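First chain A sits with chain B, and in the next complex the same chain sits with chain C.
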Partner chain A sequence: MQLHTLAFFVAPFITLASTVIPAHSSDAQQGRDGEVRILYWQAPSILNPYLSGGIKDVEAASLVLEPLARLNPDGVMTPWLATEIPTLDNGGVSADLTRITWHLTPGLTWSDGSPLTARDVQFTFQYCTATDGACAQKDKFRDLISVETPDDLTAVLQFSAPRPYPYGPFVGPQTPILQAAQFADCIGPRAPGCTEQNFAPIGTGPYTVQEFRPNDAVRFTANPNYRDEGKPAFGSVMFKGGTDANAAGRAVLETGEFDYAWNLQLAPEVLDAMAARGKGSIITAFSTLVERITFNMTNPDPALGEDRATLGEPHPALSDLAVRQALAMALDRDVMTQIGYGPTGRTTCNIIPAPPIYASSANDGCAAQDLEGARALLSSAGWVDSDGDGVRQRDGTHLRFTFQTSTNAVRQNFQLLAKEWWRQIGVATELRNIDASVFFGSDPSSPDTMQKFYADIEMYAGASDGPDPASYLGQWACGRAPSPDNAWQGSNVARFCDPEYDTLLDKLTQTAGLAERAEIARQMNDMLVQNYVVVPLVDRGRVSARSNSLAGVQINAWDSELWNIAEWRRVTP
Partner chain B sequence: MLGLIVITVGLGPWVWPLPAKLIDLGARNAGPGWAHPLGTDQLGRDLLAQLLAGGRVSLAVAGAAMIVSISLGTALGVLSGMFRWLDGPLMRLTDLFLALPVLPLLLITVALFRAPLSAALGPETGIFILIVLAIGATSWMSTARILRGEVRALMARDFIRAARSTGTRNGAMITRHVLPNIIGALTVSATLGVASAILMESALSFLGLGFPPDMATWGRLLLDGTAHLGNHPGRALWPGALITATALAVTWLGDGYRDQNDPRHHAR
Partner chain C sequence: MLSYALRRLAFALPTLLTISVVVFALMALAPGDPMAQLPLTIPAEVRAEMRSALGLDAPLHQRYGMWLWQMVVIEPRVAIEALLGIEGNDATRILSWQTRGPVFQLIAQRLPQTLTVLGLAYVLGIAIALPLGIWSAYRHNSAFDRVANGIALLGVAVPPFFSAAILIYIFAIRLDWVPSIYDTTLAVTDWSSAWAQVRQMALPVVVLSLQTTAQITRYMRAAMLDALGQDYIRAARAKGLSERAVLIGQAARNSMIPVVSVIALGVPQIFAGAIITEQVFGVNGIGQLLITSLQANDLPTVQTITMLLAVLIVLANLVADLAYGLLDPRVRYE
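Then we have the complex of A and B:
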């Protein structure tokens, strides 16, 4: 009896851990497990990722369309339709870093039975870069000038400038390969009009589109020409969109109507209560989405008029490193993580917390709260409460700050906690919360945007696009500081300006080789964190839920969450 | 009942001495008990203390905003009802205000005046005045319309003509004959105004236009509480109940007042 109970509890974990090993022999039949029901609370509106930037659309399309390579859950690049990842060492990347050669796996076919060739790769490039076209992924094809096809299985990408990290196009779910034959008449301005193609693209993936109702649901059936014998295990996929995160969580965890629910950003107590019903479990994956506090290095005083919050006017208090460090030391990041995110977040001291090779270990231990140390630091820097009003001052400048963020229950809790801790070290804080559409709206005429930063301290979340942090770290370049000259569109909201940092950034954009790049990226991360330009708080994970009868799920924060749906199968919980 | 609410809220700190802003991380999400009669929220703040503190703000905002909106509404309503030549322009003005989208207008108002007012009067007083004026200035229109109708009907009555024939001046006419006769409609408008002002304030706070997030008001407590309706229903139910009770009490008060003072009511 006892043994039986034990097996009952352990079984799901064993199956989860052993997903890499095929659980069924190759003679097992495709479609043997019937239907899997997936719920995305944002419904897909199109199945062509080149015409939509929405995650819901990209992930729905990822069942059908596939790229040359993907990132696995650890952020490591894995060949998908290609035989191997081209690198300098294997000769796939040319020495001058401008050419990259991909080799397609021989014998691959589209779901209609026709062969996949390098011509399709070339066509996809032409499709996205066509003049007058509105390709949503154009940025990924930046500097790519041609794709040559020396033979049917080789595609050579030629860039106009050296690309130390050349894995932009055809890697990841945003830039899959389209079938040239199907989309031939849909180039440029005609692309959005090709409804039939955009709603039911032909792909190489495990599923084909059977029926698509935009903004409602998609029904997929298994691709009879799929390359792996006996896969996928599910003959059809019901991909439903709509409702909200709360209802989606209930549908999997409480009622069991669905097998998989995506993106459940709910309060930790709410999630725990749902999971306690025992119908399913919560799965998380972490990438680089970090909730952070940013200090304004420039003076936001309205009296400065035009020069308000621009580089010429340093902040009277926050330009002092001691003040920034003390504010950071007063925070108990573990408590914040626990209250705000529970199991779906983890405390971080780095602005780049992943993949492991890029994560610096120089800042470990930052998370411990040290109120006494913060007080001592402020006192030794000359900030003392000489008039007895509970607020420290120096040369007539009081430590009174405005702390703004978007309206969001978790962020308001964080604000309240920070205010209380800062009060204990003699810093007064005025809190402001701004509607998210305004705060993140980047409208240059609004005074309340994150970029304008007409406050002293602000909090928001940001992430690196993909595992390579070059463009992400580039956000803190001096020239990217928002100002009236660039219509307040810069990404360096802290107005951090350090020539040394900019030099490192230049070096990063010219260095190839993963280990060297990681070394520079870690240095830059440490500069940002140890100068207390940003205070990383929580590494926020992707949260989804799966039914206990669903096995093979490996949630992936770097790629589509459904990246390995061909491996999914039904088990008895 | 209103008296009870007002007195309890007014005496807040003497009734329950715990400070509303005190964060006690050791007592997060506590249920009702001796230390916290109504429990605590996700940061360990005492709900009862927050309700009392929030009540002071909410009632003050509601009362002040109601006075602003009723004064504006009455002035415009009576003037346009009594004087034909003012009727057209004033009612078009009312139409204009009704047609204005309230939210963008408030956004602009707050963006323009928030910083100067905060600097001049301190963040909390500055925002209080701003919110009262903003709510008052965007909710007087229905009062003006209702009163105009009442006054126009009144102007055609015999006793008004009689008063006019005896040479009553306009000022005396308004205070002696018009206002007493429209007091019913006025009180109903005012009481409805109090309830809607409480809710309006909470909506503003939610959008980040109102009070800072650490300042408790009933509306904010209600909004924060709704997310926890499933596992901690008290957090939303108590502020909700207080808003309802206040609105009801004010309405009954208005009713009772009308019953006593409406001359038409006596005539029947």
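Then we have the complex of A and C:
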């Protein structure tokens, strides 16, 4: 029984205006395939990506809200609401690289029937950059000073400095266009309080929100004003959240209750057993998510007090390149990939494994394990086991390390493997695992955060935000090392500091032209990898499952997985 | 009795106030970051700004005062206004950090499924447990008693995530009779949707009622055994009362006193939801709300739910104490 209200406990419901409009008779094709059932084991909390940034929220909202351009499964930009991608060649990007002009496709409307105009683009910029708005995507709008609207279909984005890669705002599912009319009163500090708008944004996408139950489920219905005649084929979407990856995989692959299950991070043998029932198949896509080991270049010794793990105190052992290289050589990355990820992972030697133009080939072959070589390298660098306790030492410093990561079955397996391999080359390792919400939280008062890095070695996964690696590579800039001065906020957790790298980074931020940018990016990737600042282990794919009766799915690791839901349709398997 | 109840309520106030301080401080001082679940691609400066927009910059006592004010003044006022149909004013309600929606709205959204699934499981569990316990004690050491005891022990010993997995494997995967995932958006409008609702409730209700049955059967049996050995039972039998009258009227009624308090204290648990069972079946009630909020460090939601549970537990205690008087004429309140 669905009790809709409980009088004794009622706080008022904000009516989620269910603006369901009966299907147009002229549009007989739309909705012909009934309902599609999607299961995200992390439930969406809010449908406004500007206030959340969580992947689950961004992807759920992507059914409704759309950007000017999306990235296709190969990481290539595709015009979406715009007519074409502005470039230097077609005049869309100004010669001084400070201005980019987008042209909206004529005739587009919001789901409420009103026209989409450049004014909405301008408004979205104002919305995200308003003071005290706490916009999660603010970084995408960095240096953007104005959006001008010379006419209804043209938006001119003016940056304060040259932007060789000006596709931050309005490209990809994180920065879609909001309807100015709907969000006009939700600017700045009032943004979070606009529950009605945040739970049911009006969009241009193939679906509209019928009912949103935060952290539980969403019901979408087809947008009657959608631009493509006869699409989407599914008249409604039941978007269920919750349970866990295991139950989600089961619901698609074993019981067939759902058509699509997202992000099935499960052991390879578990997934295979589920898929063997033949009701659905596993689909994977790769982008830049790389599981990596990072070495601490600074000394985390508690005896240092205030200066612990800061740039002024180099690590007594890990600042020696030979030690870092030996630790990397001792790892068998192929075995790790097989055990941890199976077909959903690929061994990688690069911190930027994709798109192909950015992937360096200078590190190929790094993955082969070489225990003998690692031992020889350590011995020649003066690290020998002189007191016979099985641990090498030099000048009183022992190779005893603390290796930390977040609590996660695969990561703990990797830790055990590494510990054993490192033992074989005369390195003692103490393992720690920390709850993910603490490890990845950036609470400056906690000693256990990834950024504070009060350990010698740590492991986590990171990815580039979009195909252009400039901001990702910028994470290793010397100035971004976490320290007490910046309340331990900073992306350069390794505390890697090399003026040459910073020079390249400057050069990258001033260079336009894909080939030139890729050349610099590869160089920077090689510096990080060949200096063993990071040891890339596995290029992790997105893994989802779809039922055999669902066609048209093109899983996409660069954009929302549901980016082409308008093309999805029902087939007889 | 009324003055007793009022006095007890008055005593409960300082207790609840203390609980609220403890609940708030424990949550606020625990390590964790509400931004931890965001992708690493969102830079630290933006995270810091988002944190300050959540009010995390304010000193602890100020945050506590605000929360308490919202809890005891603003939220009841909003609820009353909603009931009377008054147009809401702009008072700042307790907002969840994760969804940015009012916490009480979330709770109201979750209560129906928690109450239907858990409530039904509880009622069903008690309805099975009481006769089972009474008869087991009456037929002490018989085959029936041993079987019932065995089932009860199994129910206590087998954790819900295990029994749920077995039931899903048999009834959802192998037999394909029932779904393994609960659809909270299902609205019962006709016979077929009612049947769908029954089917989707079947597994979670069975898993949960197994637990309730197991616990309460054991209490009931123990209390009943105790009662059956008393002199007044022998006296009743000597008086020539029928076995039925002895069993129900004398033994069962007396042995209900400890069982009632167990049952009454279990009621708040229904509101707390069943974290594991809800998670496994995707029932997404209060239990799932609590655990996902904990994982996301959504403190306002966690603090509010915990506080409401504290209130319910205090009330349930009071109800249990008052119920003794109905069962046992010797108990008098002054």
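In the analysis below, the second predicted complex is superposed on the first by the 530 of 573 C-alpha atoms of A that agree within 3 Å, B and C clash if a C-alpha of one lies under 4 Å from a C-alpha of the other, contacts with A are read in each partner's own complex, and residues count from 1 in each chain.
As a working rule, contacts are C-beta pairs under 8 Å (C-beta built on N, C-alpha and C of every residue); 3 or more make two chains touch, one makes a residue touch a chain.
Owing to the predicted nature of the structure, the values given are computational and were not obtained by experimental measurement.
S.K.: If we overlay the two complexes on their shared chain A, which of chain B and chain C does A:I555 touch? Say first, second, both or neither.
M.R.: So A:I555 meets neither chain B nor chain C here.
S.K.: Go through the superposed model and pick first if A:L399 touches only chain B, second if only chain C, both, or neither.
M.R.: neither
S.K.: Regarding the shared-chain residue A:S446, is it in contact with chain B (first), chain C (second), both, or neither?
M.R.: Both partners.
S.K.: Check whether A:I46 is in contact with chain B, with chain C, with both or with neither, and answer first, second, both or neither.
M.R.: In the superposed model, A:I46 contacts chain C only, not chain B.
S.K.: Which partner does A:E211 contact after superposing on A: first (chain B), second (chain C), both, neither?
M.R.: Only chain C; A:E211 stays clear of chain B.
S.K.: Of chain B and chain C, which one touches more residues of chain A?
M.R.: With both complexes superposed on chain A, more residues of chain A are touched by C.
S.K.: Could you tell me if A:I293 is touching chain B, chain C, both of them or neither one (first, second, both, neither)?
M.R.: neither
S.K.: By the touch definition at the top of the document, which applies to A:I352: first (chain B), second (chain C), both, or neither?
M.R.: In the superposition, A:I352 contacts neither chain B nor chain C.
S.K.: When the two structures are overlaid on chain A, which partner does A:R250 contact: first (chain B), second (chain C), both, or neither?
M.R.: Only chain C; A:R250 stays clear of chain B.
S.K.: Who does A:A222 touch here: chain B (first), chain C (second), both, or neither?
M.R.: neither
S.K.: Using the superposition on A, tell me which residues of chain A are in contact with chain B and, in the other complex, with chain C.
M.R.: Chain A residues touching both partners: 438, 446, 448.
S.K.: Looking at the complex, which residues from chain B come into contact with chain A?
M.R.: 21, 23, 25, 28-29, 42-43, 107, 111, 115, 119, 123, 206-209, 212-214, 224, 227-228, 230-231
S.K.: In the complex, go through chain A and note every residue touching chain C.
M.R.: Of all residues in chain A, those touching chain C are 1-7, 9-14, 39, 43, 45-46, 51-55, 132-139, 189, 192-193, 195, 198-199, 211, 213-217, 219, 238, 240-244, 247, 250-251, 254-255, 257-258, 436-438, 440-443, 445-446, 448, 451, 460, 462-465, 472, 486-487, 489-491.
S.K.: Using the touch definition from the top, list the residues of chain C that touch chain A in their complex.
M.R.: Within the complex, chain C contacts chain A at residues 31-33, 35-50, 52-54, 75, 78-79, 81-83, 88, 92-93, 95-96, 98-102, 104-112, 115-116, 168, 172-173, 176, 179-181, 183-188, 197, 279-282, 284, 288-289, 292, 295-297.
S.K.: Using the touch rule from the top, collect the residues of chain A that touch chain B in their complex.
M.R.: Going through chain A, the ones touching chain B are 267, 269-270, 273, 302, 335, 339, 406-407, 409, 412-413, 415-417, 419-420, 430-435, 438-439, 446-448.
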